[in-house]
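Every chain is named by a letter (A, B and C) in the order it is written, and numbering of its residues begins at 1.
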Amino acid sequence: MSFQDTIRRALSALSFACLAAGAQAQDCEVKIGVAGPQTGGGSAWGLAEKAGTEFEAAWTNSQGGLQVGNRKCSVTVVSFDAQSTAAGGAAASNYLASQKVHAVVGPIVSPETTGFKPVAKRNRQVNFSSSWVVDVISPEFPLAFLKVNPPQVWAPTLVRTAKDRFNFKSAVVMGPNDQGGTDAGTVLAKIYSDNGVKTTTEWYQRGTTNFAAIVTRLMSIAPDTVEFAAMPPGEAAILAKQLLEAGYGGAFGRAGAGAEVIIKNAGGVDKLNAFYWYDHVPTEDPGLKRLNADYQRLMKAPVPENSLVYSAQIAAEQMLRAIASAGTDQDGDMIAAALRRAPPESRYLGKAVWRGKAQYGINQQLGFPVGMGLISNGKMEPQRRLDVSSE
Amino acid sequence: METLISAGITGLTLGTQYALISIGFTLVFGILGVVNFAHGGFYILGGYFAYSLSHALGLPFAVAVLAAALVTGLLGYLIETLFVERFASDHVATMLITLGIYQIMTTSVTVMYGAEPVEFRFPISGSLRLAGMYLPYSTLIVIAVCTLAIASVYWLVFRTRYGIALRATADDGVVARAQGIPPAQMFPMAFGIATALAGLTGALVTPMLALEPHGGEGVLGRAFVIVILGGLGSVTGAVVAAFIVGLVEAYSSVYLGGSKGALALFVFVMLILLVRPQGLLGTIARKA
Amino acid sequence: MIPNRRRDFRLDCSALLLLLPLLAVSFVTAEPLFQSLTQQVAIAVCATMGIYVMLRLGLLSFAVPAFMAIGGYAAAMLAKTGSANLLLLMAASAVVPALVAVPIGLLVLRLKGIYFVFVTFIFNEILQLLIFEAPGLTGGSNGIAGIPAATIWGLDLESASAVTAVTVAICMVATVLSLVVTQRFRAEFSAIEENETLAESLGVALWKYRTIGFITSAAVAGLAGLALVNMLSTAHPSSFSTWSVNSYIAYVFIGGRGTMLGVLVGSVLLIVLTTAFSGYAQYSAGMFGVLLIFVMMVAPSGIVGAFIRLWDRDGSPRARTAGQRMGEA
């Protein structure tokens, strides 16, 4: 046999072996879960979260799968609609557990988190929540993580910057009369107060679509700024529009994601005089622009507008890396240990920190940079990226 | 002082919108005995139809609104004939059927337009400045159009032979039939008129507020309160109650805040019902 | 469909007996999904019994979530401050709503048909707002969290199977209560359901039986509230929203409004379906709607009712006479 023949034979044997090994990737499956409101008023959030997680799974699969031990495993996403209720959160945990899912992105809304946590503890599931309820993570629940920065982390900076720029002395914090409203509303009111702004809270009936009467009430109170963060984005947008029509000349704040809806509904950037807002992530960052491109390419659809899609992708990325490191997707304790071992890292936003000891008693909150936006006199300023430090 | 007047104007605005929604709801109940759980669905569909017509097809706003009202009316006519007609005597069956239709409507809208609010803008922006108060032009237009619509419904129901036939069917269906009024024609038309009114209100009001799949959810609850306050089946009652509810809601929200204001409104309605359980203009209900 | 007292009684009893296998689930399997589904079904059956009892009087009550809330919160407050003894909690969660039902009943039971529906709707809205405005008492929008698990005879009923067993047990108590009341007063209730004026002329005291029905409905709903609060270890306002009543109504009407077996069938079917389709949640609402329409149009007396009709059709000549009962076309 000539040398060429030997080489040819060796190469074909090698390629055959590689094909066989590639086929191996499919008989190993890693499952992650998504729990959030996919119907009802919170569905914009829930569907964005689902999209972010599914994108991360798709991206991992496009890279051949997740490297677990010496095998490449395909990633599957199982989702459950938790319907913004406590019972829905509990049902989500049990359903996902029955599907052998021990790593969950979600829940989002406070009632869901309240119902989910005790059941997930029993089912030994790791989760990344987005709600701002005071005990979203705590030492009693070692498998519970938080994927967004709570207001206490960035709101003081936001409020101080905005106060210096727009010079406001009084504020009204608006919120619906449910847990999502009171979580954010009470926290933000305190932050404004602590920064020397005379603040009151206004609770309105959840599901209100016409804020004309509230506008009249606000105009008679005449605050220098109105803070919208505790309101669902759609409702905040209506209130902003009606306030502008009524001749409100003060500032608007949205210390929570969803500013783009407000800007759109108000009629565009030029209609706004003074608006300051926060976003879970710096959406203008070149890293996230790359994410948008990847998303469009893989999912064949534009990325959802709601920025929870980015937080969900980041959380999913951390969980998959932890699963790979732990060598299993079935053991919540090992996944959690793997998460705690290494600082969080995103291939789009770079390295970050774990935080939360001071506020929650446990360092299980993702400290990725956040975005801050300002519109002044109808002109949008470049988005600022605020890096979040460790404590 | 401005606050007092502002609140009053808000109350009137709400009143006209609520009146349009409630007239349809009470008509359908009075004539067919049907509680239309899809009422909020027709409202939001009116908004989405008008949005598509004006944005995708570039039709002028007024035309889009009228067309949306017509389309929702037709849809209501169809739905009544296909789904509701046979079960008109069974209150709860029709409630569940219309509930099912509402779910299908919201799901379709979410699938077609997405869960986020869409950009549906009122064509005229800006406000009228009057004595230190701002009156958005959109509000004035909506008040005007709604009043016109209410007046037209009044003319239809109280001045035309058709309207008399409708009221006869509502009063006593058996006798009306004996007089030669065919329910098979009255029912779908009545339903269609009701849904057209809901669609018209949706098309007019959602550009002022926001257009999203769950925007119709509050409509049904408000309709319940107004219709029972006014007296089931009474068109005049619905209009009067709509204005009362609009004004009470506006004043209590302005002076007590939204959450306490809502509580005040419900307690107020309950108190009235204690004294007059059949509603303001309702007749003592035989088994409703 | 011909009313047949004996058959209906047997079907009602079969509903109670069929709860026993549900109880068995808690001992037989540790699989969390089955535990969860069983708990959800038991709570649903319990709450829907509240609707069912009023339906026997021909009234549709939207007050069930409100009485669930009253029962649930009462039990929560008792468990957190006093004792978590299961029997005590059950008594509290049944008695407190029943007591509240008396004055409320005086107000709302005068109303007929749809008026009753709308007023009970308003009552529910008022209760939700009161819960929010009294955070000192109810925890406001956060609810009351960290409720200790129920205990009985010294045993802590904390594990998932124990919770399932407790939930089904509460459901069985509620079912027995509903059975006893609806069967004991069957004649009077169905007379009122059929034609109130006629019943009154025959000497049936409307107010008395309506009140009995309303109080029973409230007690049963209160028990459902306890079961829900115990399952979640939290009394949360989101569990008792006004429109949650739509689900209970759907369970009893799709299952079959004539018997308690219908309540069980409807609850099991719809909860299993919702869970099976939860991955497609944004479409599941639409599919739920299609199912509602389909069942109500094809089989308005529900699944159990359809079975009975088919059974009757093959049966005796009696079945072939035209019997008209309200709503059973």
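As a working rule, a residue touches a chain if its C-beta (ideal position, glycine included) is under 8 Å from a C-beta of that chain, and two chains touch if they have at least 3 such contacts.
Remember, it's a predicted structure, so these values are computed and weren't measured experimentally.
Listed here as common contacts of chain A and chain C: B. Among the remaining chains, the Cα-based centre furthest from that of chain C is the centre of A. If you average the CA atoms of chain A and of chain B, the two centres end up 38 Å from each other. Between the CA-based centres of chain B and chain C the separation comes to 31 Å, rounded to the whole angstrom. Each of residues 110, 115, 259, 262 in chain B touches at least two other chains. Those residues of chain A in touch with two or more other chains are numbered 43, 47, 177, 203, 205. Shared contact sites, meaning residues of chain C that touch two or more other chains, fall at 129, 132, 282, 285. Residues 31-36, 40, 129, 132, 140-143, 145, 160, 228, 231-234, 236-239, 241, 275, 278-279, 281-282, 284-285 of chain C are the ones touching chain A in the complex. By the touch rule above, chain C contacts chain B in their complex via residues 60, 107, 110-115, 117-119, 121-123, 125-126, 129-130, 132-133, 195-196, 242, 246, 249-250, 253, 257, 282-283, 285-286, 288-293, 296-297, 300, 327, 329. On chain B, the positions that touch chain A within their shared complex are 2-3, 6-7, 10-11, 13-14, 17, 110, 115-117, 119, 121, 125-127, 129, 134, 136, 138-139, 205, 208-210, 212-215, 217-218, 249-251, 253-255, 257-259, 261-262.
If you check the complex, the residues on chain B that touch chain C are 29, 35, 83, 86-87, 90-93, 95-97, 99-104, 106-108, 110-111, 115, 221, 224-225, 227-228, 232, 259-260, 262-263, 266-267, 269-270, 273-274, 277-279, 285-288. Every residue of chain A that touches chain C in the complex is listed here, in rising order: 38-39, 43, 46-47, 78-81, 84-87, 90-91, 93-95, 97-99, 110-111, 114-115, 118, 122-123, 133, 177-179, 181-182, 203, 205.
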